[in-house]
Amino acid sequence: MNFLDLIWLIPLFPLAGAAAMLFLGRKLDPQPPSEVMLAPDLAAEHGGHPHGGHHHGGAGKFIVSLLCPGTVLLSLIFSIGAAWQLSQLPDRVHQVVKFTWLAGLPFQTASGEMARFTADWGFLLDPLSAVMILVVTGVGFLIHVYSIGYMAHDNGYYRFFGYLNLFVFFMLTLVLANNYPLLFVGWEGVGLCSYLLIGFYFHKKSAADAGKKAFIVNRVGDSAFILGMLLTFAVFGTGRFLDINAAIGAGQFHAEQGFGILTAIAILFFIGATGKSAQFPLYTWLPDAMEGPTPVSALIHAATMVTAGVYMVARSAPLFQLTPNAGMIVATVGAFTAILAASIALVQYDIKRVLAYSTVSQLGYMFLALGVGAYWVAVFHLFTHAFFKALLFLGSGSVIHAMSGEQDMRRMGGLKDKIPVTHWTMWVGSVAIAGIPGFAGFFSKDEILWQTWSAPGGSTLLWGVGIATAAMTAFYMWRLMNMTFYGRSRVAPEAEAHIHESPRTMTVPLVALAAGSVLVGWLGTPKVWNLTGIFHGFENWLAPVFAAAHESGEHAHHDASIEWLLMGLSVGLAVAGIALARWFYHVNPSIPDALEARFKPFHTVLSRKWYVDEIYDFLFVNGLSKGGGSAMASFDQRIVDGGVNGAGWLTRFSSRLSIWWDTWIIDGAVRFTAFTVKLLSYPMCLLQTGRVQTYALFMVAGILVFFGYYMAR
Amino acid sequence: MSEFYTSTDHFVLIPAIMLALFGCATLLFDFLVPHQRRFLLVIALAGLAFTGYGLWQQQAYLSSTGFAELSAFNGVVTIDGFALFFNWMFLLAALIMVLVSYKYLEVEGEHHGEYYALVLFAQCGMFFLAAGTDLVTLFVGLELMALCFYIMVGFLRGEKRSNEAAMKYLLLGAFSSGFLVYGFSVLYGMAASTKLTDVAAAVAARQAWDPMVFLAVATTSVGLLFKISAVPFHMWAPDAYEGAPTSVTAYLSVASKAASLAFLMRIFWVYPGPLAAAREVWEPLLIVVAIATLTVGNFAAINQTNVKRLLAYSSISHAGYMLLGLIAGNDTGIKGVAVYVLVYTFMNMGAFMVVIALRRKEIIGEDLDDFAGLAHRSPVYAGLMLLFLLSLAGIPPTAGFIGKYYIFLALMETGHYALAVLAVLFAGVALYYYFKIVRSMFVREAVEKTPLASSFGLRLALGASGLLTLVIGIYPEPFLRLAQTSLMR
Amino acid sequence: MDQHLLSIVLFTPLVGLAVLLLIPSRAVTAIKVWANVAAFIGFLVSLPLVTRFDRTAGGFQFVERADWIPALGVKYFLGIDGISLLLIMLTTVVGFLAILSSWNAITERVKQYYAMFLLLQTGMLGVFMALDFFLFYVAWEVVLVPMYFIIGVWGGPRKLYAAIKFFLYTLAGSVLMLLGILTLYFQHYQQFGFFTFEISELMKLSLPLGIQQWVFWAFFLGFAIKVPMFPFHTWLPDAHVEAPTAGSVVLASVLLKMGTYGFIRFSLPLLPEASIHQTIVRVLIVLSLIGILYGALVSLMQKDWKKLVAYSSVSHLGFCTLGIFALNPNGLAGSVLQQVNHGISTGMLFLVIGVIYERRHTREISEYGGLAHVMPVFATVFAIAMLSSAGLPLLNGFIGEFTILQGAFEANRVWAAFAVLGIIFGAAYLLWLYQRTMLGQVTNAKNLGLPDLSLRELAVFVPLIAWAFWIGVYPKPYFDILEKPVQQIVERVRPDYYQGKAPAVARSPLLPAAASVSNHE
Amino acid sequence: MLTDTLLFYTFAVMVLSGGILTITRRNAVHSAISLIVSLLGVAGLYLLQRAEFLFVVQIILYVGGIMLLFLFVIMLVNLDEAARERQFHGQWALALACVAGVALQIGYVVWRGAGSFQIAAATPAAPDPAAATGNTERLADVLFSEYLLPFELASVLLLVAVVGSVVMAKRRL
Amino acid sequence: MHPITPLHYLLLSAALLLIGTLGVLIRRNIVVVLMSIELILNAVNINLIAFSNSLGNINGQVFAIFVIAVAVAEAAVGLGILLALFRNRATVLADEIDLLKW
């Protein structure tokens, strides 16, 4: 069968699953969606993590666990089929348009000719989107499977899977869309799902708040994205990727040196991306998003959704080619975010937060790559990162599962033998992310660094930042490994009791992902290794997409020696980082505390995450009043009071103002009129004294006026 | 027939004669066979019927011969479309009034033949107010009407408030008519004649700002504006309206106002309009008066709690609207005034009739509280009242809107934009106090449950007015054509 | 049949009313049943309008023209184009659902209640069908009275204040509008020698800009108060908060649209020069933008559930006016579509409030929380309503807002930038509302036993939800319906718009040259 | 001429002084008396103006009729305590001011347009009408030809007056 | 000694008119108020007669007759009402009858 023409089905399978869950879910899984609780204190302990034992509850639940991963599997199969058939095509582009979705009316483009404001319900399959759907469906499927075990004892089991499927649907729509508006549909959709899934334990206030924060921060980015789209329409008269690329390819537009209209578009898109992909300054929602169940963190906040921004920028590569300034901004922001997040990750104790910041940092890497014009590398890193970061999250999930919900690494340690599978898989993941040669992370990261060094857009400074980040990454990952699996156990005795390896539904995906984390890297080996064929598969595969990018990106070839040198340097640093971490947290655990004591202020700054949240707090929420207090707590407090992340303080002030305005000025004016009318009416009644001669007097006064008018004339 | 009294004279005079005759008839009948009130009613109605017949004949004659007018008694009285139109209005008002009075007077315990006689005599006076073309005729007609009203206002002789109202009304009325006739004397001095045509000629002969003309204008308008209760000559109205028997109030507020308006128009505008030539003199005065009238009428009405008094003030403001039509002064304006009078007759009498229905033994029924919960007790009455009030406020599709519509249009046509804006805004204010009544009818709970005092006559009149108020609002065509034909000469 | 279709649609509710009056007040159930039936019939008879409507034809269809008051040159002149069609369908559907929704809500004076609703229905339909200004004005005013009673009799504690406020505000505006109408009427008489109120005739007028502006402002007062645009909005929250649920629904869904419809149908075509005039456009746009942000901001701070939604209406209607005065096809079409959307989504939101109010008789947001545990279906419905109101893609709101934004953006990029802010806030206050009421633990014992949606209530929501998704996923039919009329209006205001930019720039200062304006300043 | 002038001023003084006394006398009876004086003065002016018939009417009707009516009423409603009451309304000063104002204005108007008030016979040099036919006949001619209708109307008016005063004055009908 | 012109009569009548007005305005005793009204009407008559004479036109005198008739009628009815009022209120003072006000 012809998968290429059926790509429009790929998103629909999960949608069907989601719909089924929405309508039939409660029938299949009759237990209440979530027990009603009056006592808030119950909420805390009801973290929603399953406590021990795992037996599937009822046939209904079983059907759910078959159906939902099943749909994703189906999509996976179709995706693979489509991808394979795509590779057979000469130009490796296939577009399927089902119908005109947004059928707007004619309008005048900036240049003045008429165009129609339309957007297809249409799908574009090219190497880039092929990679994405493979990642989404593949990793997505594994995580679905994992969730079967992980969520086994949670309430709203069906709800969880429904949301998850819905997410997959939107994500696939996002990556398959053939135009910006439809991409935006997926874009918003995944945002919604992340909101729903973060707030899955919606009885947990923190969870709900985090969800809201995520949604609204994203909305800020989205608004920029919308403007970007509108500007695109104004300039190109269309939102179709192919048409835009064609227009650019046709040389209608020239590279902008200053800040022209194209740069404006590019920057707006990038702002949108920073929202979705948690780049500075809009990254703060991602760590909070860890309130959600771990599989969600893995799928949405590591592997797929957060990479949507990267995908979108890559998708707009031809545009960014024309706007070097925009590219520079992207690179800078990426690099800065990378090192910032990494530095924060150095001192976190919550295992998931470490990973969250590491994700932010890795995304920074990708944007760095995009910024310097090495698009395929960015996508490559996205690809590898999807595997090992998902692996790490799932692993941490498995750990947390084993520790019955404990997330603080200071209460772990020595778990190596208790949960071996988890340990080994996570070991692989850490090695991969640390950038040890042979593992996936190494290849992509190293390529990024090399491009940063060599590409015209790149610079030594950016490279420096990158490599420093690499070293930090190695350090905090192995800090995590050491604190969790090695050394003596610091586990609370009662938890000690039932530490157990996770069920097979959870370990199997771990293993699969671990395998991936080793292998996929080999698709893009460094040029200097002079391997060929499959070992350069990734670049070649994506070549047609970034063709435009490449001519210009094709830079004067440096001599191999430098590349070897840099490679060695980065590896060396990685190893050093690992060693240091082992020394600190395994060999001689006292050092960190000593250091912490020595560099108290610095440590605090890091552990307070560079006070970014506080700064926002100060800027937007209402720092002017209370600065201190536990940062996050007060932050959320303010958010909730202020109503919205960001403009909270401003908002409260201005809306107070406007309410005041309403009641006093506008209504005031009205009431004042009414009041005066009433007021005037009293004297007018009082004139009516009831004395007949007063009346006569008034008549005479009238005559007086008449004559007066005659005389005054 | 002698040349004293030609057939034309007779033909023209028929309605007046009928009214006078039946007036005397009621008096006599009441004197000879006392306590046969039903017959009194019948006689009065018969009188009105004959009058109507006479008017009908005149209408037919005019339309058949195509004459613009038919003047008699060597020109002291003239029947033209204008006169006929207004006489129809008076007749309708009187008819309704007589119908509703029967039960009401029973309730008040003041049921006498004189009452009907006075109604008919007042009609007689009004006839000459609309038809007279001679200062003397008009003056005597006015006084005739006025006297009847003084007496009718004070008809509840046992009632302090009725006496007081009558006294005030008489004193001020006589006072104002003193000025009026003073003005007339000046006019006579100018023209050496009392015929309106001659006067008009004489006034036109002098230049606009001639002091004598002005003296005439000033003094005359005092009397005229008093009768239509325009500010600052309005102050009798609220007291008289409140103190008078409600049926009389209704009649007073409609018929007397309409008659005086006809009078005013005869003097100021309608052919031969003696003072028409001096327009530039009196227009500014009238504008000021109109604004004052609208303002005072609407504002003072706002915190009235006595419905009769509230309606009294509202009728003052309506006088203001009619004046606006006169100020605009073009055909639309005059037609507007006519239409306004037409619709005003129905809606205002209707509103007062509901008040009458609320008057029962031991229940005054004039206060806002007496209206509370009327919607439950008798939804029909409440609905009708709502209709009348909406119409008074000028909300389409009710008759009131048509009237206001013409006024506004006339103002826009003649470029009185500021006045137009003022007028429409006051419509808003008016709505506010009318809806005070609506509110207490529909929203508040009933306080007392005594059934309403309704009679066949009342129901008939009420139904008719309600129907007309609605019909004129929805399909005004025939009525507009009537006004059109009657006023354009 | 076709030539009387509109009259049939128009008068069905009135006939229903007549029959209703014959039913004795005691037979409450009979009254309820009949009212629902009548409203439903009203909906059914309006369906042929859709099926027989010719999308390809410009101009008005189903035209009905008869003398009404020849003396004034008033005609009984009905006719619809795409714009009216959509609003009429909205009216019939929402009207029916509103009546259906008040089955349990209204216990006293049931007969009067339903009578008022049927009367209201006719009035609103008349407004959207009339092609004769007089008829339009009459219908416009007819709407006021029943709404006054619906608020004033069956409303909340401060109902009297709210009701009279609503009435006076709207009346004040509309009487001034009447003066504007009369000016046109008289001008036409002077230019052509006969009186008429027909829009088509009045469009032949050639008025000096001065008069056009005066008339425009007169109209503006009438329409802007109804919409309501920024400084005139204060009647809205009161009216909404005090009105019974169904009242709020109709008020928000249909009544407010009378204002925007007035702008589209009358201000633009009749006063083209004034409508394109710089200052006027600037003022209106600025007011719209203020309305958007301002409504959103105020909503954020509301403690009262219903008031919040009411203020959100101000914000949404701001989008509609923004779209109208972008004066280009997408702006207008988006605006009309957004009017329908607002009708659907805000209607749903008010119904949601009604449902919960019937159960708990309070609208204090702080009274609620964690309802998602107790009433999952309800929570889902609310979520959909909220998302469609917040403009989430694949729901109706997005299509409208996005198209409007395109229009605004085309006109002037800075406006669009501001309007986008409104979207962010929109998400904010709605999410926050949802979170405070639906999520978290059940903090209030009173909420524990609340029953979930009954079938009847669900039946009220389902059509609206379906509609929301339809517009969101496949809006093409709507744009097809709107294309012709919008084109006519745009060509009326900017004759050479469709010829492309070059002249347009010369004519209107609204379109900045491509390079000169960048949108992030 | 001289006699005319003198008479005019005499009567004028009667009229005005009588009027002033009427509105200033404490006792209503005195007011009535001074009103009679004033009315007589007016009658005299009629005579000066060759309106003999009116002169008679004035004497008989007013002085004879109306004044009696007044006096009856004064007797009926015994005004002794009324006489003891304060006589002037509280607003008298204001009223005086207003009236004075109006007086000035009228004066101004008259002075301004004295010319326009100079009434002259439409037909100049009218022969002394009294010589031709008596004033009364001419009056009658006009009254019963030209003013027949008002005359009839006046009868109705008087009837109403009678009925009215009866209705009002009688204790019960 | 200059001749007497209509102007003199005009001024005289104006004066009488104002005196009457003053009486209406300031006298509390309704009887006297009615008298003042008589004064006003007489002022009118002076006017009419003066004009009639100087115009050599008799109509003025006729008019005057009607004015007198009206004066009589008003006086009669006025006094009647006064009696009715006096019966109920036992006062003839104008500013004491103020039940109806505001």
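Which chain is which? They are A, B, C, D and E, in the order written, and residues in each are numbered from 1.
Keep in mind that, in the parts below, a residue touches a chain if its C-beta (ideal position, glycine included) is under 8 Å from a C-beta of that chain, and two chains touch if they have at least 3 such contacts.
On a predicted model such as this, the values are computed, not experimentally measured, just so you know.
The chains in contact with chain D as well as with chain E are A, B. Chain centres here are means of the Cα atoms, and by that rule the chain farthest away from chain D is A. In this assembly, the chain whose C-alpha centre lies farthest from chain E is A. The most central chain, judged by the distance from its Cα centroid to the centroid of all protein Cα atoms shown, is C. We define each chain's centre as the mean of its Cα atoms; on that basis chain A and chain D are separated by 104 Å. With centres set at the average Cα position, the gap from chain A to chain E is 98 Å. Here the spacing of chain A and chain C, counted between their Cα centres, is 37 Å. The mean-CA centres of chain C and chain D are about 72 angstrom from one another, to the nearest whole unit. Contacts with at least two other chains are made by residues 685, 688, 690-694, 696-697, 700-701, 703, 707, 710 of chain A. Across the assembly, chain E contributes 6, 20-21, 24-26, 28, 33-34, 50-51, 55, 57, 59, 62, 66, 69-70, 73-74, 77, 81-82, 84, 87, 94-95, 97-101 as residues in contact with two or more other chains. Of all residues in chain B, those that touch two or more other chains are 136, 140, 143, 147, 150-151, 154, 157, 166-168, 171, 175, 179, 189, 192, 211, 214, 238-239.
This structure has the following touching chain pairs: A-B, A-C, A-D, A-E, B-C, B-D, B-E, D-E.
Those residues of chain B whose C-beta lies close enough to touch chain D in the complex are 4-5, 9, 13, 20, 23-24, 27, 72-74, 76-77, 112, 114, 117-118, 121, 124-125, 128, 134, 136-137, 140-141, 143-144, 147-148, 150-151, 154-155, 157, 166, 189-190, 192, 206, 210-215.
The part of chain C that touches chain A in the complex is made up of residues 165, 169, 231-234, 237, 294, 297-301, 328-330, 333-334, 370, 372-374, 376, 380, 387, 392-394, 398-399, 402-403, 405-407, 409-410, 413, 416-417, 420-421, 423-425, 427-429, 431-432, 435, 438-443, 445, 448, 473-476, 479-480, 482-483, 486-487, 497-498, 500-502, 504-505, 511, 513-515, 518-520. The touching residues of chain A, when paired with chain C in their complex, are 22, 26, 32-40, 42-43, 99-114, 117, 181, 184-185, 188-189, 192, 195, 199, 202-203, 205, 208-209, 212, 215-216, 219-220, 222-223, 226-227, 230-231, 233-235, 259-261, 264, 267-268, 640, 643-644, 647, 651-652, 654-656, 658-659, 662, 666-667, 670.
Interface residues of chain B facing chain E in the complex, by the touch rule stated above, are 135-136, 139-140, 143, 147, 150-151, 154, 157-161, 163-168, 170-171, 174-175, 177-179, 181-182, 184-186, 188-189, 192-194, 238-239, 242-243. Across the complex, chain D is touched by residues 691, 693-694, 697, 700-701, 703-704, 707-708, 710-711 of chain A.
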